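Both complexes shown next keep chain A, but they swap its partner, so chain B is in the first and chain C is in the second.
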Partner chain A sequence: MTRIEVLKTYKIYIGGQFPRTESGRYYSPKNKNGQSLANVCLSSRKDFRDAVVAARGAFGGWSAKSAFNRSQILYRIAEMLEGRRAQFVDELIKQSSSAKDAENEINLSIDRLIYYAGWCDKFQQVFSSVNPVASSHFNFSVPEPTGIVAIIAPQNTSLLGLVSVIAPTIAGGNTCVVLASENKPLCSVTFSEVINSSDVPGGVINVLTGKSSELIKYFADHMDVNAVVYCEKDKESQQLIKEKAALNVKRVLLYNSINWEDEEKGQSPYFIIDTQEIKTTWHPIETVGSAKAGY
Partner chain B sequence: MIAEKKIAAIPDFSNSPHIDHVGVEERASRFTKRSIKAETKLNGLKLTLNMIDLTTLEGKDTDGKVKQLCYKAQHLHDSYPGLPTVAAVCVYPSMVSVAKKSLEGSAINVASVATAFPSGQASRDVKIRDVKFAVNNGADEVDMVISRGKFLQGEYNFVFDEIAAVKEACGTARLKVILETGELVTYDKVRRASDIAMYAGADFIKTSTGKISPAATMPVTLVMLEAIRDFYYKTGKMIAMKPAGGISKSKAALHYLVMLKETLGDAWMNNHWFRFGASSLANDVLMQLEKERTGVYQSANYFSVD
Partner chain C sequence: MAKARKNNTVKLTFDTLQYAPAPESKSIAKIDAQYDLFINGKFEKPLSKKYFDTINPATEEKLSSVADANVADVDKAVQAARVAHDKIWSKMPAKERGKYIYRIARMIQERAREFSVIETLDGGKPIRESRDIDIPLAANHFFYYAGWADKLQYAFPNINPKPLGVAGQIIPWNFPLLMAAWKIAPALATGNTVVLKPAETTPLTALKLAEIIQESDLPPGVVNIITGAAATGAAIVNHADINKIAFTGSTEVGKIIQRAVAGTDKKLTLELGGKAANIIFEDAAIDQAVEGVINGIFFNQGHVCCAGSRLFVQESVYKIVMQKLKDRIATLIVGDPMDKNTDVGAINSKQQLETIHKYINIGKKEGADIFESNCILPKKGFFCKPTLFTNVAQSSRIAQEEIFGPVLAIQTFITEDEVIEKANNTPFGLSAGVWTDKGSKVFNLTSKLRAGVIWANTYNKFDPTSPFGGYKESGFGREGGLHGLSAYLNV
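Coming up: the complex of A and B.
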């Protein structure tokens, strides 16, 4: 007797759970040969709203974790991804990658997670400063996570782009809501399963599938979102994001000409600092002896 | 003492109707599935605001905290013109005078919990003095707790007499009787306690203190609303309802309003006959109202701190 294959339902990932979209809608992206990849959730603005609530709920705990602990968790994601490599290669090939490209993409994705895992407890030293001031104050500036980052992931890759924008965001202590590549959404859902088994607290990373044309407005104008990441060259969308983001002065990050495969330009601690706020503290000190300043 | 004629009208509370556990939960869940259109939602949200008893009942309450709450009650969100105020501010007896002074000149009532809230484990004498203290300081409404221990022991007369005595001590202040449904456990007991409270002279019946979980739930509230309906059919007297504790989202509040309308009807759809005991609900409703007005999802950063 032939066995009937059990196919995976591609669901979204909100607050550490895998619900279907509240709208009940789906779409069927196709690969180069016109084959349908799967029926994928067509997320609505309400899914986004729920995801932001989950991300806000998770922010306090995640940003308060020690940098070292965040580093361990990012490393854990990489470990889990390594273990699932075959599944990702399969999905990438299904989404029209060549076997060689698929292999390359999964390797780069794992390495990228390790790269940012390493930076978790180091970027703060690099970007902090003790500032010279003319009064008797110890004055220092440190980066702190901005809050919730709404990300529209790069469209042309299924996994590498997604990982490249998520990793620096969470490495810095932010939480995020990510809209996966519209035409290549399979890896995003499988990656959510990886996240779910990697000690990442629920709500830190939330993954939606669907159409950016529908959701982009809400990503940009939600008052509880603190930064928006957009990776395409579409001028109209960029304009819309900039206008709507002005409502609550979100950080707008347009990564529109970045080659994520490039190990020089596709990864850098500057991607972490993009979603950080520099906070400066003036700490009064005594003047010691005849020196102008002392501790 | 209660006149003999009135005693005759009081039923045997051990014969209060039994509640169909499955049926009431099924019915309550139906109210959450109504489609509410934009304009109705807007009106419902404003009505919800107007029905809130803004509450602070903590050991760490200070004059400053109560003043701040009273200010909030009068200025929910000034950048939104035409908003209603809340119905009342609910505090401990020791804070009544502060609240009364802060709310001078507004239409907002001062409600005070009393009778050794939240446990109710004190002598009758202490409870009555607690009530009188609150009323003398200017409380417009008194929220009493019933003696759950006595009730569960089956001493219904004790509970009845206590409520009647507190009602007398209230004078003109409206009396809310807290059943603390989380400690009564079964719907049958909730129904029985509701009947006792209404016959003993309650103006409101209220679900919970907010100190015990579960607090207000939809099925429990439905049981109480139906008790109010039966009481109204029998005596012609309207009793008000106040679910309290655990209602913190606008959506839940709208579900309660649907339940109220479909169970008791339009006459109860105002803050004289229905209240929400809540603190964080107000901000959520405000955020929803702003969302409807601006078309943009809101952030708690732009609303007052509870």
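Coming up: the complex of A and C.
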């Protein structure tokens, strides 16, 4: 008798755990041949809110980690992804990619993580400044993470888009809640498993599957979310997000014409800076003596 | 625990020892009876045919009447800015652009005294502050950004920065000329053209700036200055041919603007309200800290978005801090803004005075203890006594909401963690202050306080090179410094 294959249950990822959606709902995305990919969680508003609570809980610890440590953890994600590349290639092909495209997508995704792993302890130096104020003060400005970032991931790719928006967000010390590609959700769940085994603390990255048409408004109006990232061209959704974001003055980032495959345009430290705040600190310099630094 | 400190404040009794009045002369201020709109390099009658009065809040006397721009006037100004951008300003060599901005800086410096007097007459702030802070900083801001015009490629690695186009800018009444400088200087340096609206209670220095701009031969339409109230501001925000909105004002209005531009591609920066924590640790230099607290909340009558309006005092030094604070408040000179001795001038408008009184009543009703300066307020004009509230609950509205007046809400704390938690527990995140003599404690606090500007052992300091702006509901984007450039570029 031939061995029966064990099928995978695709669940969501909240606070370092893999629950099913609390709503008990599911949907069955199909590939281009009309074959059902899996029964995937149709996440609810409550799942999103739980994920925000997890992200807020993780923010203090993640943002306080040394930049060097964050760099190593991002590098670790890339290592784990490399080790499981065959599984991702299979899933990408299952979701209608050609073998060549699947290979390309996993390569780019791993390399993108390496790229941002390197930026973790460097972007601060590029974007900080010591400000030569006219008064007797020492004054400097540094980037700090903005907080919780709610991300609607690029919809046309299963893995590369997801990685391209998560990596710069967490590289800068933010935590995030991500809604995966609606029609190609498989890699997002498998990627969550990679994250889970990569020393990323629970709650730093939370991944939901489901319908953006249903969840976008909650991503944008949650009062404990600091920024929203949206990657599609749909004007109505963009307007909805921007309007709801005004409730608590969220930062809104629209990445609607980014070619994520482009190594010039699809990655840069400016994606990190988009979810950073600039903090300026002043301190007086004593002026009691008359000595000059003359030698 | 620190040893109990002796109060060695020298109390001056002002009943017997008074400063003689030292009034600045009004004669240098040339204020016209009526001002039109500055559009396309000329002062033009408003299509609305309407004017409104601007008064001196210290005397309630009318200073001038200014045009009330309607939608058609705004459209005219935007068209002028568009033509100036497309045909002239964006094509001009960057170094020439810079030279125009330098010229404006110099002309403000030349006329600094006149500007100071008008700023104080129109807005009510002490002449000392107009003279020493507002006007010099405004000139310096132009001077600083002028130099950036031909160096932008060095500010943003691997990007070729381009201007956005026409910027619509709406500014508040607390630092009228300085806010105009914060908005106009970086916009021009980056190659944008401008439609600026000063606040309706303080339009005069912006209109005097328009005179300077005219005199500087800046190409017509590059800067347009139009006056009006909320409806004029709305017309700017909603104009279809504006590429960028920059707003400084209340969080409430900021949210309305964020919603209003949601359906457009307009780039937006917001500099909104605050409720800054000023934190005194037991190891601080207490006299300096008290002086910093006074400056933090009574500078410009507390009409400062980054005012240190919440004071947190470590319990071990609470008594001594309170005593010194009360003694110091008793010496504050409240009154005629034109007097060079005055510390606290006039509240900017009747409406703002009512808002402040509303909050003082809320504080009393919520059960906080009130302490007011025993100064005698002038009979005419809008004035408010420097006010402290103690026994303030974290949930109290006077500890949560921006009052924008000389009212300080005081709380206590025991541990560092506790005060960080309390200080950050607000929707705002504009600024904060820390007073301690321990360096490592300074940096623990400055890195954990969630705010855009942190003053350690100082407060309310500003500089053109220093980026300013908020976290959370205090807005987004920065003004000042290298970081202030990106608000006006496609980066």
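Following the convention adopted for this analysis, the second predicted complex is superposed on the first by the 286 of 295 C-alpha atoms of A that agree within 3 Å, B and C clash if a C-alpha of one lies under 4 Å from a C-alpha of the other, contacts with A are read in each partner's own complex, and residues count from 1 in each chain.
Note that a residue touches a chain if its C-beta (ideal position, glycine included) is under 8 Å from a C-beta of that chain, and two chains touch if they have at least 3 such contacts.
Since this is a predicted model, take the numbers as computed values, not measurements.
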Partner chain in contact with A:D221 - chain B first, chain C second, else both or neither: first
Dominant toucher of chain A (residue count), chain B or chain C: C
Touching partner for A:L247 - first (chain B), second (chain C), both, neither: both
Contacts of A:H137 with chain B and chain C, given as first, second, both or neither: second
Partner chain(s) touched by A:R49 [first = chain B, second = chain C, both, neither]: first
Which of chain B and chain C A:Q239 touches, first, second, both or neither: second
First, second, both or neither for A:T146, with chain B first and chain C second: second
Touched partner set for A:A99, first chain B, second chain C, both or neither: neither
Set of chain A residues, in rising order, touched by both chain B and chain C: 247-248
Contacting residues of chain B [partner chain A, same complex]: 296-302
Touching residues on chain C, where the partner in the complex is chain A: 140, 157-159, 251, 254-256, 258-259, 261-263, 270, 272, 427, 442, 446, 451-458, 461, 463, 465-469, 471-476, 478, 481-483, 491
Footprint of chain C on chain A - complex, ascending: 126, 129, 131-135, 137, 139, 141, 146-147, 226, 235, 239-243, 245-249, 251, 268, 270, 277-284
For the chain A and chain B complex, residues of the former touching the latter: 49, 52, 218, 221-224, 247-248
